[in-house]
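Each of the two complexes below includes chain A, the first together with chain B, the second together with chain C.
Presenting the complex of A and B:
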């Protein structure tokens, strides 16, 4: 017994410190890399920001530092809460009034009016997200079939490539007036299902984020391993099964690369479009604050800038996660 | 012997900006049912072109390929191909890769249960039953090639075409694969055309070795009948005088062709090349030239 314990102690006394040392070293270096360095970077940025901000005087007061922006985040959230309370109160009043009128006159059909208060910051975020996703999905629905067709057929590629190359670099701001006029002309129903401004933003987003997806899909499809195509030929797969079983899975990695690029473009385009066209959303929020010109405006715009950045980052991460879930190629790049 | 596959006087020209490039000239070969034929020759001599013509992936400029009395005009599962780099679909498991082929070939004639049994049977044949549900990137190069062979066998081809099937494998794995292939061949008695540039592999596996001259305008130089008893065992054969005789014959052929570029063939070919009209316009052929370049 004693000998075994002694042995064990010896063993532990000798081995454990070494093991834990190694463990600690990797843990510490990991912690430094993943936590300490990003924190240091962020802290330096905040410091530089607040120092610089103090030294910039604008006609709307000093440039907002981190503290001012934080304050505006709070006040934006408070405004949102208050607005929600008001809205609830409005609906309660309306219900009560309607109930009273129905009680007096049973044949009266109550009218329900929507609350028309100003959209809050959070409402604008939601609107922007809905618009960007709709525009992006519409682009996906057009770009992927088009990209596959171009990738499969050299003549089609030769025919369409110049058009893509010309339209790809066009800024959303150039499309916007055209889209606005066309939508106004063609979408002139008295009782629209969706708002005209929503449609204008959506189409502008689609037009701008179409191209990266078309190009990447086409490149992916055209670059399929010749051996795999030969396998399909030897098996005599019909055209549709060939696309479904060989072409689509083989080009999934490239398609996703295109989709990530496109979503990034879509988000940037959307903010610009909303700003210029006064469509509801974060862009309009920024423009309204700019026009408003209160002493808080710059801080509120800065808050919006940060939110836009964070959402863009999250959208990209979301696409990456989706790619990892869907794609057979697990080596999806960061 | 009854001829199953008749490669009848095929010429293959690829159009290039500088005029047609003749890859093959008058390749003529008759192969019997159950025969194992190797094509051997230096790189770029057009071995793969012959195989691709038989597979139907290329169309010969002149002459043609007749299988069972019918001319070959397009690729099809009765001429299954085992490609050099396995060419499994990376997003499918071993089982699913074979399944794709089986569904396509037997989708109408076999029930679901029969198909499953057939897929498993073929993966059994190549000793891959332990990794049915692994994807290509989870298994070794030799295992991938086994699955590739299982996929080809599962199509129940009349002719099995193998394009340097073991070329990318290490020596030990290659030896294992050759033994496996001999076993399968003994059991199924397939008709096989295999491209190789491994002399030992050719002698060990083949009934006939077709030695091709150097390109351009490559053709069949010599045909060697390998009259060794089956089953063959590599260790016993190592000291077999007949085996070594075959081996040195092939080596000699390859060595002579290599040291002396084939001047006479080139000369006789150069003239008709200029006068013959160019009839190749196919898309596949154009691509092949781009590949070669």
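Presenting the complex of A and C:
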């Protein structure tokens, strides 16, 4: 099971260069390979998109083509700028009001309150990124120690494996109501440090992206070269040193494969969770636009879809770069 | 106005015994708000306008309030938000605070110091149903149908579906929503039975003995659900009727203005606890909302197009300008191209729209009794007592008086607070001609051909 998932990641990665081994010889063909072909692919996609879009009529007007989406990117950015201007004006008014009140009522301690305006598209992107990273890091903190423990101990593996296999395929949407209720019940402070909605999204993300990491780490750890283990035995390394010097370095590639998979899952789960629970973030943006049903809604949703895709891609690339940095095997899988 | 001394003293004693010192006397200057950062919820409907305007025009800030406004997924989520404190207040269906206080659904003490608007809803049917209804509707000389269209025209269609064994499904937004009662009123006036509730037997689906089966769909999803064919018609607030016209998927047949001229619609709901804990804040919120409502109706709706522009922002209603403008600026488009003048389709301030009349609350209670949501007979006094618990003209009066004092409003714009007893004069403009007198709820319930009568229990 794990090897297939690992292979799957390899496939998801950029495979295009290897397909065109023939062109590998000259510099010119190198340029074609790196620039021209992706560009051609992109161009064809845009062309197909705009042609298909024109032929789809929805009750909210035509399906948005590339031009309409581009226009929405601009208007979303404009909205963001306008909102920032409004925010400044808001703080200025507030300072003035506070000053007036202090003049009248000297005992008053002026307080600056955060801007009450609506999150813009850019704000929602930032919120989603923060949530996904927090959820992911929490999952890493749980999954890697757990995975190592399972990988090292056969009995533990036998005990925990069934649980993992059962929870792994559970959709985030099934967890969400449970998480929402539990968080509301346990996290009932009048002055919360972080918003409940943030916690709900975070925990849902963690629950869903835990499993690929646990499994990959466990398999990586269990499959360490016998020779390395023997070296450790000869040197009589204490357990912790063994993990630190032998197990971790040897299983880094597998651990990172698991982390990449998990981050991908986390990102997808987050959008779905935000949409369903109306928690701030890109998912909520998509849902709000769907509810608005204005003639721009579809183009705005499409813009969000592209942004979600690009961010997902960048997260994956970022993880790969990180993997190359920490791995001793510099030929780390693409 | 009809004087009702005993009731006034009842209300007054209630105020005293329950420790409602929340409404400061006018002589005392209104203090600073105790809670300055507030979050208000709303549903994407044009009648949330007073909240959006109070924010955008700085009326909240003028009161020293920093308000965040959040769209909610549906009425249940919104009500739960107010009850559990996630929201400090919200744009609510008039029936919600009443039902919550009574304990139908979630039990909680919710009050309202401010009624948000009159009218503003419509009933839309799908294009297919409209084609079947059309032959039953009398035509004017120019070939357009005569309005108001009664449910009599729908009756043969429903009967046909019934005979074929197909359920005739319709959507409304919440079991205690204005829309549920309006849709039921309209259907029943045309002889179509909308079904009874029997909460004492655990039946809250409201489909006992029904000809037309009503179910809940959140407002913004109405057009999509109609388009999908899950329901054949719905009753909802704007812009979701005009949206159906624009999308060419349905035809609004009647507005609630025609079912009951100048009917009270949404209210602004807060918990009783909030009003007691933060009395100045409560009055100040009410002041900001009154000013927003005045702005919306000022100079014969002169500000409406600006309001529509604000509402069409994606963080408020978010529908297209044209769709919202259709109803907000005094017209209503029925069939595509059949645009008629309905200047009072959305009323926010005139006709004392914002004053929380006890009689409005009692009308909702009579309909709850009529359809079995209140399963047993109650004396007239019970209706009045409950209305006085939920509707709080005392807070409204405090806010209005302080506005008058600061010359932000004039006394003529409000009811005369010294003589006002909270009951509108008997109201006559119902589609079936039945007169409603809020003083005599039980007598009123007896007048309906379809509906539970006194002594009747399912």
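Assorted remarks:
Following the convention adopted for this analysis, the second predicted complex is superposed on the first by the 304 of 334 C-alpha atoms of A that agree within 3 Å, B and C clash if a C-alpha of one lies under 4 Å from a C-alpha of the other, contacts with A are read in each partner's own complex, and residues count from 1 in each chain.
Convention: contacts are C-beta pairs under 8 Å (C-beta built on N, C-alpha and C of every residue); 3 or more make two chains touch, one makes a residue touch a chain.
Predicted model only: the values in this text are computed from it and were never measured.
Annotation: superposed three-chain arrangement on chain A; chain B versus chain C shows no clash, the two fitting side by side. Chain A is touched at more residues by one of its partners, and among chain B and chain C that partner is C.
Applying the stated contact rule after C-alpha superposition, one finds that A:246 touches chain B and leaves chain C untouched.
Of the two partner chains placed by superposition, only chain C is touched by A:59; chain B is not. When the shared chain is aligned, no partner comes close enough to touch A:264: not chain B, not chain C. By the touch criterion defined above, A:312 lies against neither chain B nor chain C after alignment on the C-alpha atoms of chain A. In the overlay built on the shared chain, the residue A:291 is in contact with chain C alone; chain B does not reach it.
In the superposition on chain A, A:228 contacts chain B only, with no contact to chain C.
The superposed three-chain arrangement places the nearest Cα atoms of chain B and chain C 53 Å from each other. The contact surfaces that chain B and chain C form on chain A in the two complexes do not overlap at any residue.
Of all residues in chain C, those touching chain A in their complex are 32, 36-37, 44, 55, 58, 61, 64, 66-69, 71-73, 77, 84, 86, 220-221, 223-224, 227, 243, 247-249, 312, 314-315, 317-320, 323.
Interface residues of chain B, counted against chain A in their complex, comprise 55-57, 74-77, 79-81, 83, 85, 87, 89-91, 100-101, 104-105, 135, 155, 291. Of all the residues in chain A, the ones that touch chain B in their complex are 225-228, 230-231, 233-237, 245-246, 249-250, 252, 328-329. Across the complex, chain C is touched by residues 59-60, 93-94, 97, 101, 105, 108, 111, 113, 116, 118, 184, 196, 278, 288-289, 291-295, 297, 300 of chain A.
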